[in-house]
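Sending over a structure as structure tokens; questions will come in a sec.
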Amino acid sequence: MSENGKPKFAMYWAASCGGCEIAVLNIHERILDVDANFEVAFWPVAMDAKYKDVEAMQDGEILLTLFNGGIRNEENEHIAKLLRKKSQLLVAFGSCANEGCIPGLANLSPMEALFETAYHTASTENPEGILPQYEYDVPEGTITIPTMYPVLRTLDQVVDVDYYIPGCPPESHQIEAVIDAVIAVLKGEAELPPKGTVLGVGTSTVCDECSRKRDVKKIKQFVRIQDVERIDPEICLLEQGILCNGPATASGCTALCPAAGAPCAGCYGPANGVIDYGARMMASVASVIDSRDPDEIDAILDGLVDPAGSFYRFNLAHSLLHTGQASWNGKGS
Amino acid sequence: MTGEEAQTNGHRIGVYVCHCGTNIAGVVDVEHVSEWAKDALGDRGVVVGKDYKFMCSDLGQELIQKDIEREGLDRVVVAACSPHLHEKTFRNATERGGLNPYLCEMASIREQVSWVHTNKAIATEKAKAMISGAVERVKEHESLEPFRVPIEEATLIVGGGIAGIQSALEIANAGHPVYLVEREPSIGGHMAQFDKTFPTLDCSACILTPRMSEVGVHPNIELLTWSEVEKVEGYVGNFAVTIRKKASYVINEDCTGCGICWQKCPKKVIDDKFEVGLGYRKAIYTPFEQAVPKYPVIDHDNCTYFEKGSCKACEKFCPTEAINFEDEDEVITVNVGNIVLATGYDLFDARRIPQYGYGRLANVFTSLEFERMTNAAGPTDGDIVLRDGVTAPKSVGIVHCVGSRDRNFNNYCSSICCMQSLKFAHLVHERTGAEVFNFYIDIRTPAKEYDEFYQRVLDEGTRFVRGRVAEVTDAARLPGEEGKLIVQVEDTLAGQQRRIPVDMVILSAALEPRTDAYETAKKFGIACSANGWFTEKHPKLDPVATMTEGVFIAGCSTGPKDIPATVSQGSAAAARILSYIEMGELALEPVRATVIAEQCSGCRICNDLCPFNAISYDAETELSEINIALCQGCGTCVAACPAGAITGTGFSNEQVLAQIEGLLMLNVEPQPVAEPA
Amino acid sequence: MNTTAEPAAPVREGEAATAEPSFLRWIENNTPGDSRLIMCIQCGTCGGSCPSGPDMDHSPRQVFAMVRAGLKDEALSSNTPWYCVSCYLCTVRCPQEVHITDIMYTLKSKAIEEGMAQVDAAKVWSETFIGYVEEYGRSFELGLATRHNIRHRPMGMTRAASLGVGMLAKGRIDLTPQVIEDVGQLRLILWKAKELEAEQ
Amino acid sequence: MKYMFYPGCSLHRSARPYLDSLAAIQEKLTMELQEVEDWNCCGATEYMSVYRAPAHALVGRNLALAQQQSNGSDTVMAACSACYLNLEKTENYMRTDEELNNKVNTALAEGDLHYDAGSIQVRHLLDIIYNDVGMDRIKNLVTNPLEGLKVAAYYGCMIVRPDVNQRWNSPEYPTVLEELMEALGAEVIDFPMKTHCCSGHMTQISSDVAYELIRRLIYGATHYEADILVTLCPMCQLNLDAYQIEMNNHFDTDYVMPILYFTQLMGLAFGIEPEELGIGREFVSAKQALAKIGAPVPDEVPEKGKPRRKKKKEEGLPMPQVSTRFNGGSK
Amino acid sequence: MTNEFDPVIIGFTCNWCSYRAADMAGTARIKYPHNVRLMRLMCSGRLDPTFVLKALAGGADGVLLTGCHPGECHYLEQNYKALRRVKLLKRTIAAMGIEPERVKLVWASAAEGTFLAKEIGVFVEEIKALGPLNWPQRAGINGIPVHQPEIEEVPA
């Protein structure tokens, strides 16, 4: 408890894009409820704070920490462990902390290749070809930056996690609902859900909330959305040959993407109890391919140009394989 | 929870390792393995580890029973032979000990370890891995109860050949109702077309027609000829079958079967069904004299009235006004508990082997044509003559294996052709005195009195030439061959190419699956082999059952067979069904899939995956559902559900994943890994 | 199928491993594709179908039996392959889809290699033909007929000569051979192929 | 329609009439033929009798050249049966037998050549005329129908057998050439020996065997009352034509059965002059037979002794219902 | 421990064909390499890619999938679904840098014990040629345990 009697709240940003932070702010005036019920103890994006302030706290002093981002370097890991120690409830917030998300896709490539892309490709102006060094000698002494790890890990692969709130980013109405629930617990009106619960999601998958008309599925060809002349606005995208991850993705987002004519990319992660998200998509999509002829099946599958990227766009770091082979062979993929 | 409890989940597992005499113990160090199970797997919940000479013996089973009672076991693992042999045995032992039988799991360390490996150390390690997998799996087992369904008393039999007739009579005589569906106007099937049956040379009609009449008048049999099954719904015990009764344009209630109509009918049609194109019938007809039922049908496509709008000779002459040109198809639905498919075979189209000349050379006949020709009621009144209808042949060549044992057509042996060809040889001898050549690859006579018949035909002077006929031609090389059919063959026993001129050639054509066998199989939810025959549940031990409970198969629809075997299968199918009817209800394996409604998104991925139509979609709730009575437990939908909303008992994700983990826990030495760059 | 995984193939207990590749195995390996020779059921369709069957020492069926029995010398010294007219009737009729005609070619080349070719006329005809092909890149009918007929006279020299004259008169034969431009390239290719074949 | 053309040795020599007649009708059929430059002999049935892999390398050079020169067509057309089969077989075995493919390409590499198995389609002239040009167009081109001419359509062996790519409707009883002849207005006889052997190279090896095989065919065609036997293979034409007289001498018979290429008959039906089609270069003169369709009758007409076939009785058992066209031998 | 690579392979069989083929290989005493550890599913249609990934991630060097021949599935046509899933799975793992040859689908009927034994031998050789996969050990790279998170004590 803080001096003013309000429980402490923290939010941290590891390997992620920052969208989750914006999503929290996106709940508009409801953010005031947070302020009314919590003292914000540590939230680097929103306020000034020092790691040493956190280190100085008692263990368990923070009641609730929303941690977003994956663990990609020494610093991420250090803070994850630190916040774990100082928080009573550590929540993996957003797709990166939950399942690796887009930063997790980097697990398909070795670090050298990542640096190559980041510092030596057309999008980067770096005429001298400078690469960051972990240690660098300057007149004032040696400066260091955190060591980068060969692969990204999710929060629960590094520390124990109490709750999960998925989404890239989590939808505002789901954040609001979680905040309401936490406040209700604070007021003694409700009990905490069992540890490990995934919060802010529905019990089923995106199709459950999708307004498109669904029929029996028989896929004769896959098409990429940019190659489709006209997308039928009524019919299930998968039935139109567009790879939509909706069937395998946890509901809770209100199926915004398919409603707008874009296939579900899968940011809410797997449904409850699912062990490997990509496997679910592979099994279901392959099951409804309408062919028994091996060559024809191959021809149909040729339409899925990027299987690893399509099925593991968000979930790679939390999948059974976790990485691609190249990331520890040290070879370019 | 302590660390140990986390691993064991509080389980108390007994592991029993069978010696199987020396079958396992000779290669696997069973004592070591049982000790290891108790010691090394203690922290994974194993509290008993024992080995015994024969686990499947009474004493071995008692060991399990007593340990369950004394040691409070809640799971049992038996490392022995294949579960296909003794899973039931050990489940029963587990049940007798007071546990649910499904809490027992077997590890196959005989068929998959001791019998296939020789190195003792390696075999012992692999046995451990198999047990480790079973231990992890059994923890995820659940108590299951068999699924029970009531059995409707009536039976549907599809196909009125001798197999269907036999089944129908057996069931009807036991006092239970039967619907017998036949798509031709009469029952009788191929057997009605034959003249004599081998090897006894009984007259086919003489032994068949009494059975046919019995079917016709049986109070428990509802005969639905000129009818076809359109749709099958439901599951064992409770099928709803939709049948189309084709319009016959004859009012059966008024028809006396007097035959005036077909005598008066002016339209002569080549009968390509019953007479296989060798004779004629009228546009209104019964296929043959002794047809059951006796009522004729009008062949719509060939009837002058339907073609031209006038004629109606049959109507004019019918003494009982039994003709109704306004007749229409009727669709009925019957409820039955079991189904027998006895849909028979088609004859191989001999035109597909052009070098045998059938269709081009007049005096090349198929086996079925020859059957009709020798039949006293057939188009030649039983005279064996050339296509000119009058000339008796002086020499006849009989070609075996036409379209059989030939990878260009059918790679199986049609099994009846040898005996049939021997019968033909005998009949030709008997009726014409002509010289007969039988051309064969092998003579296959493996049944009662069959080889004796071969001896008899040899004794009659039939000339046997061992060699598959290369060609039958009228292309004479020498003037002496002119006007003859020349059978060119290598006489493999003489090592010579021979050209044998004959007057008539009979092709013993292969038996093939019905051209619509695949559609029929799909309709009834059963499988066809690659060749197209219906697939048995087990080819040896359950030859008349199929993978779909309640659907049985008999006769040539499952593969070529002779009349005795066909009749046996008809009886066998009936016996299986009678025992189901007797039981009143059926206990089915509880390996089934279920949809967890709250997790189902109604995405409909699973909807078309079940060949047994167990999955349906409820448009109201927008959820998919599984009818567990129809489910056969294959697990395809479980694997396909993108939401993980379908679970399967007996082979749940948890069970399979735990077993994988268990199998890998004993990973042999970790392999050196290249250091990362 | 290539038998790459020989060592891993299962061995039945008590079954002795074959010491060296048998003649049967050699024929199979040296016939392109899958010869299916081991699938022969000795039905005689080949011998019955063969247009020159009556002139053969043995029917193809018998030769296959010899090959399978390891009777290499008997098989290679049979005139059977040399009387094969490459009509492929046996191949398309064979109920076991044995590549009979292709096997005949393999037997012929093996018989030449082993010096066992029995029908000198056929062997010489083939070799003479090949000689012209390797010399000019194309066949040379006149040269071929003349050179062959000096040693073998299937029709007698006079008749052959009159046929040749007839061909000339009908404008259906050339007096000089046609030579392809890059006959050197062709020879390099053929020599290499022969080298590869000899390695085996 | 554009094709690459592999003429083969015979078409430039003994089968000149085949090449001439093809050249004469090619334009009418709108076929554009590009000869494979510097092609070499296919090896006939001889090369393969002595060498295994080199025989395929020999053919491989032709395939490689064709691939190299390919300009708008991946089809190589051959008119000679042996050429057609050898090209097709090597192509097929290179595609399906990796070891052989490697050997051939290693050898080709010596001549800086390479062939990618599967990149060339090998087809026979008749296949192209029947399927690509089509019967409708042929019928339209006919100005002088061959009415009254009884033709035995003869395929020989290697076009329809072993037919590795399943291009023909039957290996035993094909009907394509018959349909073409009917389209030209000729009367086609049912000739059961249409795919039997012409004796191939046996003329050079055993005249006894060769004469017997030739006799069977000539006797058969005569027996079935053909005026003319039409062929599509240089070897068949040569054996049946040039050796027919020798065969008659050998057996003391007097058969007169003219042997023409199908392209020659096509030319006649299209109204092209006989000389342009190489008619007259055959040993057994076709003049008398062609007189039936209006060609000038020569001075001397040899007597034709032919047995008459017995007529079938009107009455009798119905024949099996058979379409006039057989639908292939195998599944 | 010998230096020779001794792969571990998990094999999935269907209850009706390939498991019985394995039974038959046993009954006929046909020897095959010990490296494959077989487990039973009711049908190859039960095959969930999760199982394959679990096996690879858990230390298997290869996964052998077996089922009834096309057209002979005891559940009529479910093995075609297995075929399609395996094809897609192989593409995905290939994209992740794992040799797709580590996953192999083999059809074997109940009568093909000898054939299955031979195919097991062939597959073991193929995996030996590919070398170890060792996913769990490799994933522990740079001291970062990936699959066993280091969980710190949490105050109550």
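Chains here go by letter, A, B, C, D and E, matching the order in which they are written, and residues are numbered from 1 within each.
Criterion: a contact is a pair of C-beta atoms (placed from the backbone, for glycine too) under 8 Å apart; a residue touches a chain by one contact, two chains touch by 3 or more.
Nothing here was measured: the structure is a model prediction, and the numbers come from that model.
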Touching chain A and chain D alike are B
Which chains, taken as a pair, are joined by the highest number of C-beta contacts?
C-D
Centre distance in Å when chain C and chain D are each reduced to the mean of their C-alpha atoms:
23
I'd like to verify one number: the distance from the centre of chain A to the centre of chain B, where each centre is the average of its C-alpha atoms, in whole angstrom.
53
When centres are defined as mean Cα positions, the distance from chain C to chain E in whole Å is 46
Could you state the distance in Å from the CA-based centre of chain A to that of chain C?
69
Residues of chain D whose C-beta touches two or more other chains:
172, 196, 329
Chain B touches at least 2 other chains through residues 355, 408, 609, 636, 639-640, 653, 657, 676
Which residues does chain A have that touch at least 2 chains other than itself?
150, 275, 280, 283, 287, 328-329
Mind pulling up the chain C residues that touch chain D in the complex?
2, 30, 32-33, 51-52, 55, 81-83, 85-89, 91-93, 99, 101, 105-106, 108-109, 112, 119, 121-122, 125-127, 129-130, 133, 137-139, 141, 145, 148, 152, 154-155, 159, 163, 166-167, 170-174, 178, 180-182, 185-186, 188-194, 196-197
Along chain D, where are the residues that touch chain B in the complex?
170, 172-173, 190, 192-193, 196, 215-216, 219-220, 223, 307, 310, 312-313, 315-322, 326-331
Footprint of chain B on chain C - complex, ascending
41-50, 53-54, 58-59, 61-62, 89, 92-93, 95-97
Chain B partner contacts - residues on chain A that touch it in the complex
110, 112, 150, 203-208, 214-218, 236, 238, 246-248, 251, 270-275, 280-281, 283-284, 287-288, 328-331
As the complex stands, chain D meets chain C at residues 9, 12-17, 38-41, 43-58, 60-61, 92-93, 96-100, 103-104, 106-113, 157-158, 161-163, 171-172, 195-197, 199-210, 213, 242-243, 246, 281-283, 329
